[in-house]
Amino acid sequence: MLRRVLIANRGEIAVRVIRACRELGIETVAVYSEADRDSLHVRLADKAACIGPPQATRSYLNAGSLIGAAMYVKADGIHPGYGFLAENAAFSDECAAAGVKFVGPTGHAIRRMADKAVARAVAAEAGVPTVPGSDGKAVDADGLAAVAGKIGYPVLIKAAAGGGGRGMMLAETPDRLSRNALSAQAEAQAAFGDSSIYLEKYIGNARHVEVQVLGDGRGGVVHVGERDCSMQRRHQKLVEEGPCPVIAPALRKGLHEAAVSLAASVDYEGAGTVEFLVDLDADAFYFIEMNTRIQVEHPVTEMLTGVDLVREQLLVAGGEGLSLRQKDVKLRGHAIECRVNAEDGARNFMPSPGTLSAYVAPGGPGVRVDSHCYAGYAVPPYYDSMIAKVVVWAPDRAQAIDRMRAALAGYVIDGIPSTVPFHLSLLDSEAFRTNAFNTQWLEKNIERVMPQENTAA
Amino acid sequence: MLRRVLIANRGEIAVRVIRACRELGIETVAVYSEADRDSLHVRLADKAACIGPPQATRSYLNAGSLIGAAMYVKADGIHPGYGFLAENAAFSDECAAAGVKFVGPTGHAIRRMADKAVARAVAAEAGVPTVPGSDGKAVDADGLAAVAGKIGYPVLIKAAAGGGGRGMMLAETPDRLSRNALSAQAEAQAAFGDSSIYLEKYIGNARHVEVQVLGDGRGGVVHVGERDCSMQRRHQKLVEEGPCPVIAPALRKGLHEAAVSLAASVDYEGAGTVEFLVDLDADAFYFIEMNTRIQVEHPVTEMLTGVDLVREQLLVAGGEGLSLRQKDVKLRGHAIECRVNAEDGARNFMPSPGTLSAYVAPGGPGVRVDSHCYAGYAVPPYYDSMIAKVVVWAPDRAQAIDRMRAALAGYVIDGIPSTVPFHLSLLDSEAFRTNAFNTQWLEKNIERVMPQENTAA
Amino acid sequence: MSLTYEDVQEILKIIDQSSTRELHIEVDDFKLIVRKYDADGSPATAMPAATPAAPPEPSAASPAPAAVAAESAAADSAPPSDTAVALESPLSGTFYRAPAPGADPFVEEGDEVRRGDTVCILDVMKVMNTLKAPCDGVVARIPVENAEAVGAGRPVMWFEPR
Amino acid sequence: MSLTYEDVQEILKIIDQSSTRELHIEVDDFKLIVRKYDADGSPATAMPAATPAAPPEPSAASPAPAAVAAESAAADSAPPSDTAVALESPLSGTFYRAPAPGADPFVEEGDEVRRGDTVCILDVMKVMNTLKAPCDGVVARIPVENAEAVGAGRPVMWFEPR
């Protein structure tokens, strides 16, 4: 069992990890930038270390300070949370070199899953279907038409170094292929300094469904059900739910088995998520990528199953192994998570850092709030805008939606605009209630969900 | 379905009922005394009515103001919460007369259960065992020895008009009977203006176990498992948990069946609790009384089953009937509730009203907090001292205790003393962890659990 | 929300039929405060009440019912004499003059007391604290009504020392 | 918590082997702030840094490592001339001089700009806001380091209008 864990993160996930450690009797060391002195995780931890100025590059992303602090306080583990250094293979290696257990996979495992081409190859070997295309490999101008012809139009042109939608272009017909590929290359060069592109079949009517897995690092892997994260704006997940409400039992079973098979094939250690695209028109699914960390939306799974995923991470990292087997995982009811951000939904989601003059989180049956916020807390402008994750559970989806509506309507957040009004509007939308949406729906209907004010920012 | 419900209560239960109403789309009307203007339930409700000065007798206990307010706002239902008028048969009748649905049983049903002798008779008729004794009937000086001799020593002498332990005396041997009966009569006369006493067999090594039931008012009754509330101080429950960790499956089944049978025999409507004493030495159980309202500790059951008890109350009152059948009730894991009060555990639990200078409730997986408190809120001196109910769920009891420990340790309550330190100490006690306690244990060991400061109040 | 004369009649009828002696409803701009009087003209509350009712309070939306009464202002806050000793409430709470509902008050104005005699109860969150006479003497004035909410430091009784 | 010379050596070794160019650890009364320098003597941060390092900062518990540096105080807050025009940060955020890590800065001191030219980026919660030159003129001074946290209203660039 780990004895003392340094949490290399901030915000709600730092608070979450501190809680899990405390339940296991593990001492906690928080780290904080100079902008986060008053943050809740600093108060809740047994000990806290300042690791630099507000800029993340000089604090939460500074591997040296984090590992140095861990060594100074004699921590035997580092939990990276999500974001920051959570999927940084070099950091995992550096922790190992310093004799501090990184709570997550080895650098080697992270690297294999981070490289798209390698990850696709691993998936193919494990018998997991991937989106037809150039297999994550770069395609030059001459090869474009041949590959596109083979996989069939429309095709998606993607930057090899890319992410977050930049350098991504659609070609619906052969005559648009070269021109759009050139645009994508130019954008990729500007954004990432690398013009390499690859091709993928374009799946327009899809859901983003991901399977939560837990691995013991020795080939033992259990899945803990799936989550549907199709409500996205600019590739940011805003609402997540589980189980996925639109797939047949056979497809669900296929997803779970594929995820376990992939994770087992790399002797995966700890908590991970295997992301899939589910083609609603073809009743088929394709592997997209694997996230080698705990995810923002992990509480959805915890509400459905009663499994404490961060606890399992800590148990595996501490050498105790997983506390559960596949047969212990029982799903019940429906869970939904809304990410409440310090953003003004009516003004194009403009970030709204500032002080919470009043703050009362919702509670009651089936409502969970993961947050680092409190009345008087100043949400700093330097990091992401998340104020809280509101997660609800209910016996069925309709009741879960009603419960989320009630929870958000009773959420007191004064002083700064938040995305609560946006979520309330989204929950009331016909498309959400009737499941008539795919991954593109929100982007296309954002004006209907949240009309923009006609004021200048 | 009810359309608009007035909540005739304050504090956390008012907040709880507002949330349940909101999920069902029922409009809510809060009531508040002049001392509660800034209370959370006033802010959360759709509408709020001031019903008088701080003293409960002139506000929350003033039936006329409550019914008048309900009529003025055209509410079609009144939810009484617990305490105040929740078990006041006359109030239930007055609501009915005013054409406002009382969310709970009829005045007639409340009366039958409120009268100890009648309740015991009803139980006996339903085949439910009661504590041997004079059947709740008054015993005069001449009859004492005969009755005591029949039921066997030690016997408990109780005030017929009593409650809260006043006018209660133990007689361990026949020679103490008359003397102690005289004392009990004198105390009963002073406290209640009625010297009538009755006798009951004294069960020294017992657990207080209660079964939650839901009735549709037409004879349909389901049980929703039991709760163990044996950790009491001065007859006040401080910690509740479920399932009861010390009874065999057969006894548990017997308790559930007895509770259902009793409630069904009176066509019970809404949520109720049938309280039993479980004799640990005899593996037997006895009916004590039935509470005809939602109880403080109802969230324990909700965490175990996922059933929303207040929702069911509202559905039954609105004519929808219960949303579940017995087979839908599935228990999972273990739940514990700690009542966090504004009291100073180190100074003989002296009440500590005042302003919460900082307040951050715990959260995360398996943790539920029901509270009306927030940073800056002034806990008024006029009502009960409860700040919050912290309820945890975990796969087993040991993990639930660890979770509660972590939740309470991370609970920020600044400005006034609370019972959090007491609860942390109690959770760490060997007796609690190993289940080596009965209803009397806490009273006898309070100094060990919470050493008193040697300061004058 | 509009309210007709009939609505108010209806509400008043309910009160008349119930055991309620006092009514207090404020919603939006509607305000209705009523007290029923006993035959002797004193407000009939469950506990004996010392303060006579003040003149009717004007109310925006309510028609004038038979007995609209404002809250009794604490008029008697000044000491009854230069030598009088105050018993101040140590905490915020509810002041009771008797040990139980319906029981006789511990003391009346004019009664003689010894230092340390229990003279009233302060209910703080259902915990009943007995308050004691601060000196030997006579109860000079009781400026607080039975069952009234009092703040910390408020004089609840005055004694003329002897 | 006691720390030996060996402990610090160990920590410094880690930094030396990693890509870390700067180290900042404060726990209890222990404070260690280190920056590695490139051959040319300028602090080697991932983004070009304009401010030279200040003299070593005294630290209670740490032995003096090779390159202990205090935080660079914002020394250049005064306008460079009476006629200079400030570009103030409209919000709190992080100031970036270049469109992407590793890319060339939008402008250098001495560059000519037209009113409305993009001259820097303000990162507010990961949303990149481009800031524009307030007038035609020359970049007179850039008083803020790249990737520095700035408060609302702080001048991030000075322009000499033309």
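Letters A, B, C and D name the chains as they come in the text, with residue numbers starting at 1 for each one.
The rule is short, and it goes like this: a residue touches a chain if its C-beta (ideal position, glycine included) is under 8 Å from a C-beta of that chain, and two chains touch if they have at least 3 such contacts.
Just so we're clear, the structure is a prediction, and the values are computed from it rather than from any experiment.
With every chain reduced to the mean of its CA atoms, the largest distance from chain A is reached by C. Taking the mean of the C-alpha atoms as each chain's centre, chain B and chain C sit 31 Å apart. Centroids of chain C and chain D (each the mean of its C-alpha atoms) stand 68 Å apart.
For the pair chain A and chain C, the distance between C-alpha centroids works out to 61 Å. Annotation for chain D: no residues touch two or more other chains. Multi-chain contact residues of chain A, defined as those touching 2 or more other chains: none present.
Applying the touch definition to every pair of chains gives A-B, A-D, B-C. By the touch criterion given at the top, residues 15-16, 18-20, 22-25, 40, 43-44, 299, 302-303, 306, 308, 310, 330, 332-333, 358-371, 374-376, 393-395, 399, 402-403, 405-407, 409-410, 412 of chain B touch chain A in their complex. Chain D contributes residues 1, 3, 7, 10-11, 14-15, 17-20, 22-28, 30, 32, 45-47, 71, 91-94, 99-100, 102-103, 123-127, 147-149 to its touches with chain A in the complex. For chain B in complex with chain C, the touching residues are 35, 47-55, 57-59, 62-65, 67-69, 71-74, 90, 94, 97-98, 190-191, 193, 342-343, 350-351, 353, 380-385.
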